[in-house]
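Taking it in order: structure first as structure tokens, then the write-up.
Order of writing sets the labels: A, B, C and D. Residues in every chain begin at 1.
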Amino acid sequence: MRGRLTLTTAILLALAATAAGADTIRIGVNEPLTGAFAASGTYVVNGAKIAADEINARGGVLGKKIELVIEDNKSNPTEAAAVAEKLITSDKTPVMMGAWGSSLTLAVMPKLAEYEVPMLVETSSSGKITTSGNPFVFRISPPSALEAETFAPMVAKLGMKKVDFLVLNNDFGRGAAVDFGKMLKEKGVQVGMTETMDQGAQDMSAQLAKLKASDSDTIMITSAVDQLVLLFKQMAAIGLKKRVITTGGSQNPDQIIAQAGSAADGTLHLTTFLPWIPEKTPDPKATESFIGEWKKRGFQFAGVTESFRGYDGIRAIAHAIEKAGKAEPAAITKAFWAVDFTGLNGPIRFAKSGPAGKESGQSRPDVYLIEIKDGRVVVPTL
Amino acid sequence: MDQLIQHLVNTLVLGGTYALLGIGLTLIFGIMNVVNFTHGALYTVGAYLMYLAVAALGLNFFLALPVAILGGLLFGAAIELLLLRPFRGSDIDTTMLVMIGAGIALQSGTLWVFGGVAKAIPSPFPEAPLQLGPVSVSWLRLFVLGAALGLIAVTYVMINRTRLGLAMRAAFQDADTAALMGVNVRLIDTATFALGSSLAAAAGALLGPVYVVFPQMGGLAEVKAFAIVILGGLGNITGAAIGGFILALAEELGAGYVSSGYRDAMGFLIIIAVLLYRPTGLFAKAERVG
Amino acid sequence: MSAILSVDHVGVRFGGLVAIADLHLDVAQGEILSLIGPNGAGKTTAFNVMTGFLKPSQGDVRFRGTSLTGLSPHAIARLGLARTFQRTSVFPDDTVFDNVMIGLHGQGAQMARAPLLAALIGRAGAGERQLRARAEALLDWVGLGARAQEKAGALAYGEQRLVGVALALATEPAMLLLDEPVSGMNASETRVFVRLIRQIRERGITILLVEHDMPMVMEVSDRIVVLNYGRLIAEGPPEAIRSDPAVIEAYLGQGSAARRAAAEAQATREAAHA
Amino acid sequence: MRRLLPLALLASLLVLPLLLQANPYLLNALIITGILTIGAMSLNLLLGFTGQLSLGHIAFFGIGAYVSALTSLGFDVEIGFGHRIVHEPWPPAAGFLLAILAAGACGYLIGRLSFRVRGAYFVIVTISFAEVVRLVALNWVELTQGPLALTGIPAMSVGVPGLGNWTLRTKLQNYYLVLAVGTLCYLLVARLVGSRFGRAMRGLKENESLALSVGINATRTLTIAAVISAAMAGAAGSLYAHYLRIIDPDVFAFSTTVSMVIMVVAGGKGTLMGPVIGGLIFGLLPVALRPVMAPEAQWIVYGIVLIVILFVMPRGIVPGLSALLARRRPAPAPLLKPSPAVQR
């Protein structure tokens, strides 16, 4: 009996949600707000909100305000797919942004094909996303192969001889190890072992002891910022002193500096955004105004390396809607191919990727190598 | 060889806190017959209390530690009074489910209050590690090991040398008889749960500065605590202490020489193996019959 | 007289504690034998050994010529050796009728060749009907027919004992071990129960009884065996036991120290139940 | 009442999609809820009817999902010493059957191994088993793709020889598939529980020593219960894989087991309708809570609701309500409480 009551409530609530606001353009946002990726997902959403407010302050898109429908995918692929379903069918969003992690995005992708609704992918790095023949995917973050390719010219300058990998045991980490390994081998650099660690793992001293004993000169690490902090502290603790390069663009150097202190000194990081040196970014004015707004809202500065992607994502979507001329999925999908503007980390312009006829869109952001030196972020001279 | 020595040193440092976690859990099981699924959440609470005391209140690191442990004690007492006392006499499955519910609520609660971003707790120890030949170990971790061993010793003395401990041991042997002999079993339950919780909080407060503090940190810690308790035999305090070090050793060697991906599988494999080989744990004093 | 059950020099030790030192006795086919002795004498332990709930540290038990060593309780039950329990004699959440149906478990096995499959495809109909009829008959026989649809756990103490007996009888035993069946019963209930025991024996079922109610034991038993500190101290017909000095000493001579030792032994046995 | 409620529920579930006008989001929620409810029913067989709390139940669900997905996707793995196993894709229906068999086989294995221990030990062995399986799924990348997830799993298709083959692509089709499998599982459990085997399970749960003494083989009975329970969970996992069409090692998440346990306990363990009612409530509760509160708060509510139900209706909603509806005088308290020693 209670079962049916609850069900009725659920139906009523869902119907109520559908009825709201027809004079706005709704954009679905499918991000992890709880679970393992909660922190990053929240940053991205905050960035997205800044973009939406900014666009609305300028009069919106096609004369209408944009409205973000934000849903939590709980860092769980099943939920991510369910959320996409809800956003598309119940909230009737003609376009979405999401879903942070690669496995989350991959879970959503069949839904995009099923309902033919486009999604802008802001963070995920798995190569699969843009090579599996889903024409509704448009990605602004670099897949690890692209990141490796951009990093290739720096390999010789750094004088790398042999590299070990320490990566997160998921698509993000393993994908990076494969793509960077391939690139390094082509460059004549020896590739040693690939060690993995679980997402929630806190103590990596065993892996580090193994890496310490290896004869490599460089360790390439792919993980989220919390684990990087732990790694740097634990490396210092066991006296592991090798060149460290992190990849993935989700490292958040400020948090590393704040939390790992001198243990992070000398570490190198591949990032896709340079908020510390706004004048070196492709659109310094936009960078400064974004950072200004971010600080004004009382968010931690450290979050900008995540949130700028949410900001650029919504801006790219707005451009697409503007170009489409109407807020309909098919038109927006087509219009994504015509998007061309300068984002906070380089031009946002989608190139075709994947099997012919069903290509996904992949933008090619800038990738920067930065170094943490005496508690500050600097661009190393190579 | 150097790698092996480094692994062994790591084991020692890690094992101390594992033992602390395990003892808290095994105490609660042994005396109250409650499988405490809030143990991980209390570990997290301990770490956050440490964070609050050091980072927010600006307390001295060494002063903050007892504050966090005391906080864990109060938290544990509250859980026992509010959630376990009403369920006195229920079967073990019911209390286990109550604890699961409480664990979910507590963990989500910390996420709600503190947000998902990991927090770091500054420590007063130097970054540079202590070098002993090829092996190095950080000063902070040495302190953590020392503090953990100290707390284990205090617990041991408390249980074996004090009136409260005597009452606890009596309740452990046979709650009904202890009640007949004038032991206030309800009070013992509250004290036991509070003590066990404070040990979990202490482990969190000690490891918080070593690692970082985040709402999900307790999940893995809890599972490891279970492994340790099973290893040592449910309710066996000495067993739990030794179990902590064995688990740490298995993890270190497993990750170092087998595959780091299966590092966390070591604990579970140990549980399964031990239960199949010796269901009452490795250090059970006498085999139970029937 | 042929022995249906032989306890052959059985000893049981828990750690350092001796529950049964050396027990040696035969139960004759068709008799009512009582096993008595002060608390902690090892009576329930002996029951647990005979029915496979405890493994003896030494010795062997043979039932109808088969050694019970290493057999599990359910296998022993299927050989035709049934028992009741001192403390909990029913499945408390089921109706009295369903209690007996559970007790008829072993009988159901003989009716269908693939019982599980039969249950799944719903072919158990005829066998089930037969079982139900037997359950009803059995309940009427022990005098619980009117209580059939009540929850067993909600019955009065004495009635729960009767359910326990019905359950044991449902297994169609050749021998029945009764563990303090009338403790907690009032005088009239006890009288009814004595009649029931006799009726059971008339069905050809041998009975081994553990009981503290001496008048009842004296009235119903053919033979009595007395146990003290895990040792057999006397054996014989009721009249002989009544006047046996060793028995009187055992019951009267329990000083406080002896009582404490006995209580400890009792606690150990209960741990063994867990 | 006993027969009416399930039939009424079935009838309303049959027409529900028409009322929803095929709202895909709610249908999706109902399908996932339905799949979890089948999982809950299978768990109930162990937890409710034999009294063994398995907190590793998700392992069978996940094994079913992976076996079914891999059967229909095909794989090519090296098993050491240079040998390879190459498997060409089979139709999803074959995957469904293999999932049931494989999960059942694992149930047998776990049953044989872990029923040596009871109570808290059993709980922890089952958790450990599930975690080991999860870690294997995570690390055996060549077979399972590890964290990269198995993608492109084909939708379930049902073939009738001579009549053709239907692929269930739409939500509505999947909804009715899940409803059909769920109904079958319900009937199966009902049959089983009413049989001699069901009585053996109840006997073991209520008083194990007594059950042994009337000739019930504990290990055999519990193992069979575990096999059937695991096989049902495997079926649910297969449905899940072919409906979602992507699975990753997260299907082994402990939290899903907890959800299933909550469904069973809240609904009423050891009752037929309990897991169904509990499944519907707790499956749809997150959907109902989503619009009204923050995600973290939803989980806090979830935890609190569990405790409140245990406190107010310790035997669950279904027994609690039926006692309330019957308005019978409360049964006299049992004079003789079963000794805790025996219950343990």
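Here are some notes:
Following the convention adopted for this analysis, a residue touches a chain if its C-beta (ideal position, glycine included) is under 8 Å from a C-beta of that chain, and two chains touch if they have at least 3 such contacts.
None of these values were measured; they are calculated from a predicted model.
Looking at chain A and chain B, the chains in contact with each of them are D. Each step here moves to a touching chain, and the least such steps from chain A to chain C number 2.
Once the centre of each chain is set as its mean CA position, chain A and chain D turn out to be 35 Å apart. We define each chain's centre as the mean of its Cα atoms; on that basis chain B and chain D are separated by 32 Å.
Between the CA-based centres of chain B and chain C the separation comes to 46 Å, rounded to the whole angstrom.
With centres taken as mean Cα positions, chain D sits 40 Å from chain C. In chain B, 108, 111, 219, 261, 264 are the positions where the chain touches two or more neighbouring chains simultaneously. Residue positions 33-34, 169, 198 of chain A are each in touch with at least two other chains. With touch defined as above, residues shared between interfaces to two or more other chains in chain D number as follows: 138-139, 296, 299, 344. Across the interface of their complex, chain D is touched by residues 1-4, 6-7, 9-11, 13-14, 16-17, 33-34, 71-72, 74, 76-78, 81-82, 85-86, 88-90, 102-103, 106-107, 109-110, 126, 128, 132, 169-171, 174-175, 198 of chain A.
Here chain D touches chain B in the complex through residues 47, 51, 53, 113-114, 116-117, 119-121, 123-125, 127-129, 131-132, 135-136, 138-139, 254, 258, 261-262, 265, 294, 296-300, 302-307, 310-311, 314, 343-344, going by the rule given at the top. Across the interface of their complex, chain D is touched by residues 29, 35, 83, 86-87, 90-94, 96-98, 100-109, 111-112, 219, 223, 226-227, 230, 234, 259, 261-262, 264-265, 267-269, 271-272, 275-276, 279 of chain B. Taken together, the chain A residues at the contact with chain B in this complex read 33-39, 41-42, 169, 195-198, 200-203, 205-207, 209-210, 212-213, 225-226, 229-230, 233, 236-239, 255, 258-263, 300. Of all the residues in chain B, the ones that touch chain A in their complex are 2-3, 6-7, 10, 14, 108, 111, 115-118, 120, 127-129, 131, 136-138, 140-141, 207, 210-212, 214-217, 219-220, 251-256, 260-261, 263-264.
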